[in-house]
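Going in written order, the chains are labelled A, B, C, D, E and F, and every chain counts its residues from 1.
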Amino acid sequence: MRIAVSNCNTTRAMTDAIVRGARTAASPGTEVFGITPAWGPESAEGWLDSYLTAAAVLDALRTCPEPYDALVMAGFGEHGREGARELLDVPVVDITEAGAHLACLLGRRYGVLTTLDRSRAQIEDSLHTAGVGAHCAAVVGTGLGVLELEAALGSGAGMGRLAEAADRARAAGAEVLVLGCAGLAGVAPGLQAKLGLPVVDGVTAGVRLAESLVTLGLGTSRVGTYAKPLPKRRVWPGDM
Amino acid sequence: MRIAVSNCNTTRAMTDAIVRGARTAASPGTEVFGITPAWGPESAEGWLDSYLTAAAVLDALRTCPEPYDALVMAGFGEHGREGARELLDVPVVDITEAGAHLACLLGRRYGVLTTLDRSRAQIEDSLHTAGVGAHCAAVVGTGLGVLELEAALGSGAGMGRLAEAADRARAAGAEVLVLGCAGLAGVAPGLQAKLGLPVVDGVTAGVRLAESLVTLGLGTSRVGTYAKPLPKRRVWPGDM
Amino acid sequence: MRIAVSNCNTTRAMTDAIVRGARTAASPGTEVFGITPAWGPESAEGWLDSYLTAAAVLDALRTCPEPYDALVMAGFGEHGREGARELLDVPVVDITEAGAHLACLLGRRYGVLTTLDRSRAQIEDSLHTAGVGAHCAAVVGTGLGVLELEAALGSGAGMGRLAEAADRARAAGAEVLVLGCAGLAGVAPGLQAKLGLPVVDGVTAGVRLAESLVTLGLGTSRVGTYAKPLPKRRVWPGDM
Amino acid sequence: MRIAVSNCNTTRAMTDAIVRGARTAASPGTEVFGITPAWGPESAEGWLDSYLTAAAVLDALRTCPEPYDALVMAGFGEHGREGARELLDVPVVDITEAGAHLACLLGRRYGVLTTLDRSRAQIEDSLHTAGVGAHCAAVVGTGLGVLELEAALGSGAGMGRLAEAADRARAAGAEVLVLGCAGLAGVAPGLQAKLGLPVVDGVTAGVRLAESLVTLGLGTSRVGTYAKPLPKRRVWPGDM
Amino acid sequence: MRIAVSNCNTTRAMTDAIVRGARTAASPGTEVFGITPAWGPESAEGWLDSYLTAAAVLDALRTCPEPYDALVMAGFGEHGREGARELLDVPVVDITEAGAHLACLLGRRYGVLTTLDRSRAQIEDSLHTAGVGAHCAAVVGTGLGVLELEAALGSGAGMGRLAEAADRARAAGAEVLVLGCAGLAGVAPGLQAKLGLPVVDGVTAGVRLAESLVTLGLGTSRVGTYAKPLPKRRVWPGDM
Amino acid sequence: MRIAVSNCNTTRAMTDAIVRGARTAASPGTEVFGITPAWGPESAEGWLDSYLTAAAVLDALRTCPEPYDALVMAGFGEHGREGARELLDVPVVDITEAGAHLACLLGRRYGVLTTLDRSRAQIEDSLHTAGVGAHCAAVVGTGLGVLELEAALGSGAGMGRLAEAADRARAAGAEVLVLGCAGLAGVAPGLQAKLGLPVVDGVTAGVRLAESLVTLGLGTSRVGTYAKPLPKRRVWPGDM
């Protein structure tokens, strides 16, 4: 099986890190490769960035020459998921929903730890429209921007910020945590050990769910809102 | 006062029709002009189109050389609204929410008449995230595509389809109707007369709400989710 | 265009202040006049007062000899709105809903600053039944009674109380504030400047929404819950 | 124990019928008497009537010379309940909520059979604000006005209309019915036998709940929204 | 009338205390007796215990030789209620829902004081599925286990813990309190006097509601989810 | 990895069929075995049966001598899930929630096809309390009892009933179907082919989710409602 993982931003180093994280969750025989948009923002933090990444990722998916069996969209709370479901003939799993789906199996309420507080409404919307927002106790920002994460995690300050955010999520009722940024790939095991409660990583959760759909022969429903896009004239940036 | 009205698709004839509709609602002294994206789909019908238009409209707003006091976004149920709020220093009103806000003042529940049934989930999401979805009784498709509307309305068949969709909305509890497509500009008075209940047009509602915000000195809040976009490297299609 | 503004209580000085506030928002050519109930409480603070004002305002509307094109009901969170919609042949806008409708266009969640905490449930109900309560983050009392407001605002203490209440609303997630008492007319610009976020005044919002409905040819739907009152024997206090 | 039952309209024959119904449910030693407003409509059908009755009932309660231990408010879906809680030093039970509370104990969802469809939104609001609306499957009108009920029930046509409305409620998921008009007092046993499912009468339910509160030493909470009315100048119609 | 009160656990001293509490609320002529499961846990604290008690209580009900007119299920937040409705030909009232129903009549929101925080989700679910959870402001644990209550209340420490929990419930908006454990029988009057707001005891509330249903001739609906159990082979522990 | 699959009823042939279905979804290297309760009903249809199975399954889990890495609970809409989470040191996935989690990834709304209509409320509750009920469009009964399924499916009549139920679910907005009975194992591929939309089988979904949790090192959170059961005296039927 081949699983494509799309980064939402143009930073190839992040794509590489996400793919590395994805591979840790893949079953034997599952191959993972990354897709990086050719345009858009270098990181997604806020609505403007999010909408820009949605179209950029769709453009990249449209022109990706490689075949694959399922797509994992890595961009926590970012838009575009439903568009990819229309466009592609393979199952699509977004890491936002993926983390939440698994978290619901582990505790009564979950909390999301993300980068900046400004992203909270986006993430809440994304969970709600995915049908899995009911048990979200809180979305909490760490105050670290996407591109600051690597350095912060390297110095140890990042773990401190995550632990503080986790405390706020716990106070709001969270019994399980979801890592709300693809840039946090790899942090889950250490944080889980430190905090003593389950920590779900959206990327690895997404890989497992995508594999599950493929194995079970399940694909996107075409009878309703995710019908194939209508044929029409579209000017794509990738063609300009 | 100058109000910009952004069409979500690349069809300039639709921009022109929307601007004509918008002008019928503008106060004396208010000037209206249109913005058409340079790329994207010729019409927006479904999630893929919607996300494509969101980025295309933001790109057009970013590069629009003309000054204006408020933006009305014409694209019923299409994405991008919150991104424009981040990007611009003037108030932003989306026709989806605009129609719903006025409809709530006229009856207990409202129904939305739109083009294709596949757009229903998008419109429901858009109303929900705008905070004005609670009294939506139904979103009903007419089965007419965006670019079929003009011909259908010309021949009279369009009015029939709208009336049938209105019946379904009424059966679901709607006491007021909202026209759920910018391409329906101008239809409201005739439909209202025919059906005997109020019919709200999102474009004209949007113009009035935008004027109201400007007149009252109200602008987008910067203290939360709609803070200004962070400075960073972004590759925009319009610059490619 | 002539807009009537009904005060909910019998204090004519408050009617006058509300009308002055309303006029600041009226378009050129729009005339505003006030209606004061002949009976009821001198201020509305709580459920008993609210129900008393509802009937008193309806009685005043029934007997008002002057013609008008739309009604703005000034009494934040007070009852009666739907009764006026049944009774009158012109559009009716309540300042509670009006403030909330505009606030939704400016930020993700709004907070209401009101007089006494005891009114919170009433205001929550009013926003909910108007269909615009979903994005209300909090209703916060300042602890100042309706008739204490003028003196408090004159001495500067009022602004301090409002700022404290605003802090609590912000902590609950509000990005926009709505002034939850007709007696706060005129405070919005100063508070907005002081706090650095948008402050919506229900009375001025109501005037603009009422004008919009009239201009767009929109009136109350008669096909459902707001049908005309049935003819029957009613003993009105105004006739006793 | 003495229980007062307030009719919402001025029709004394209806008060008498309601009191007769209430007495069928009263425990030995419980005395029931009726209160009829001195002004207002002869029947309550719609929002205007409802707000008029709310103030008229409060005026009647204020001036009622007789002592009592609890109040049952008979006016299905009519306003005023919370005002009476503020005003009185004894427990207050509204027949709308009373019927729903007992219905929840008997089946998974309940339906309300009422007079005219125009009252549906009022009843939905009343159930919602009483905290007991979650399991309401439907509110269904019989098409019979309040003052038509007696004749219709006398001729047998009334039972037919109720049965038809019950079928619609059943189709919407109702497993229990609540009689949504004080004028239906006495119908419950016959309808229950005819339809084969429990039928709750709000008046008798209200009497039992009121007795229960008195017996258990429970009264309205004064620490929040139902605090005693503030002393102030109020002009009551009953004093005019 | 005979009312059975089922304890959820195997501790007969608790059954006796619950029956004593129930008798304080029973009308003259109502006889109360207790049912104690023959197996299960000595106290119910958490999900495992709760599911164990549900089956144990149903087994005890199935084999109870004594006739009765209604059942009150004493086990706050414990499962089994709907099963008893299927099984028995008499009305069934659970003390969880009973306390909440009466509390809704006394204030705008209620809070539940219970034993351990781990039970909060169970109680929230139970209130939600009973249709009466909408006005629950908070469920607050005292930190006292079920079997520690008696000693704690004897020493005075228990009242202190209840008062602290009540403060937290008040801060969350509760205006009325519900005692969330059958082991708190008898505490309500003292706590009510101490705190100055109404305190509802589920057991006494349940007795009054059960009596009301019997008196009004109301029984469980058989037309939907609470139809009689299908005949089939069942191996019951009580028969093993 | 070893996965235990617990049947909720005492019918060993059903356990065997469920295990066979589970094995079709298991990854290479995953071993699946079944657990059958020693007591309880031969099939679970309704609340009484459901509560009986919950305790019987917990009793069987408590005494199961075999080690395993995760539990899949097969009993669609049946109780007990949270008790197993408390009891066991391995992840627990219930087929009700499992089917819904995957269905949310495939379409906007899903429908559940189950045996008897009487089970609808139970299934709705189970989805709601699992946090994944928001996108459930409908739960539809086929009218076939659990033990009738095998014969009905053998004769072809079963597929017809499922197709009729699917039509009702589609009319309610479902774009994906979930098979709402463990006895429907094996039907999904054929039904999916016949109906042209994705059909999720809860058992196979549960196996994949359970494997995913184990592989990702995720277990039940112990910091909140699913803390380990408190030590106490419990009389279990299995010990009697």
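Keep in mind that, in the parts below, a residue touches a chain if its C-beta (ideal position, glycine included) is under 8 Å from a C-beta of that chain, and two chains touch if they have at least 3 such contacts.
Note that the structure is a prediction, hence the values are computed from the model and not measured.
Common neighbours of subunit B and subunit F (chains touching each): A.
Centre-to-centre, using mean CA coordinates, subunit E is 29 Å away from subunit F. For the pair subunit A and subunit D, the distance between C-alpha centroids works out to 52 Å. Shared contact sites, meaning residues of subunit F that touch two or more other chains, fall at 108, 121, 128, 224-226. Interchain contacts close the chains into one ring where each touches exactly two others, per the touch definition above.
Those residues of subunit C that touch subunit D in the complex are listed here as 10, 38-43, 45-52, 54-56, 58, 79-80, 82-83, 85-87, 117-122, 125, 128-129, 145, 147, 224-227, 229-230, 232-237, 240.
Chain contact summary for the complex, subunit A toward subunit F: residues 25, 27-28, 91-93, 97, 101-102, 104-109, 128, 130-135, 170, 173, 175-176, 189, 192, 196-198, 200-201, 204-205, 208-209, 211-213, 215-226.
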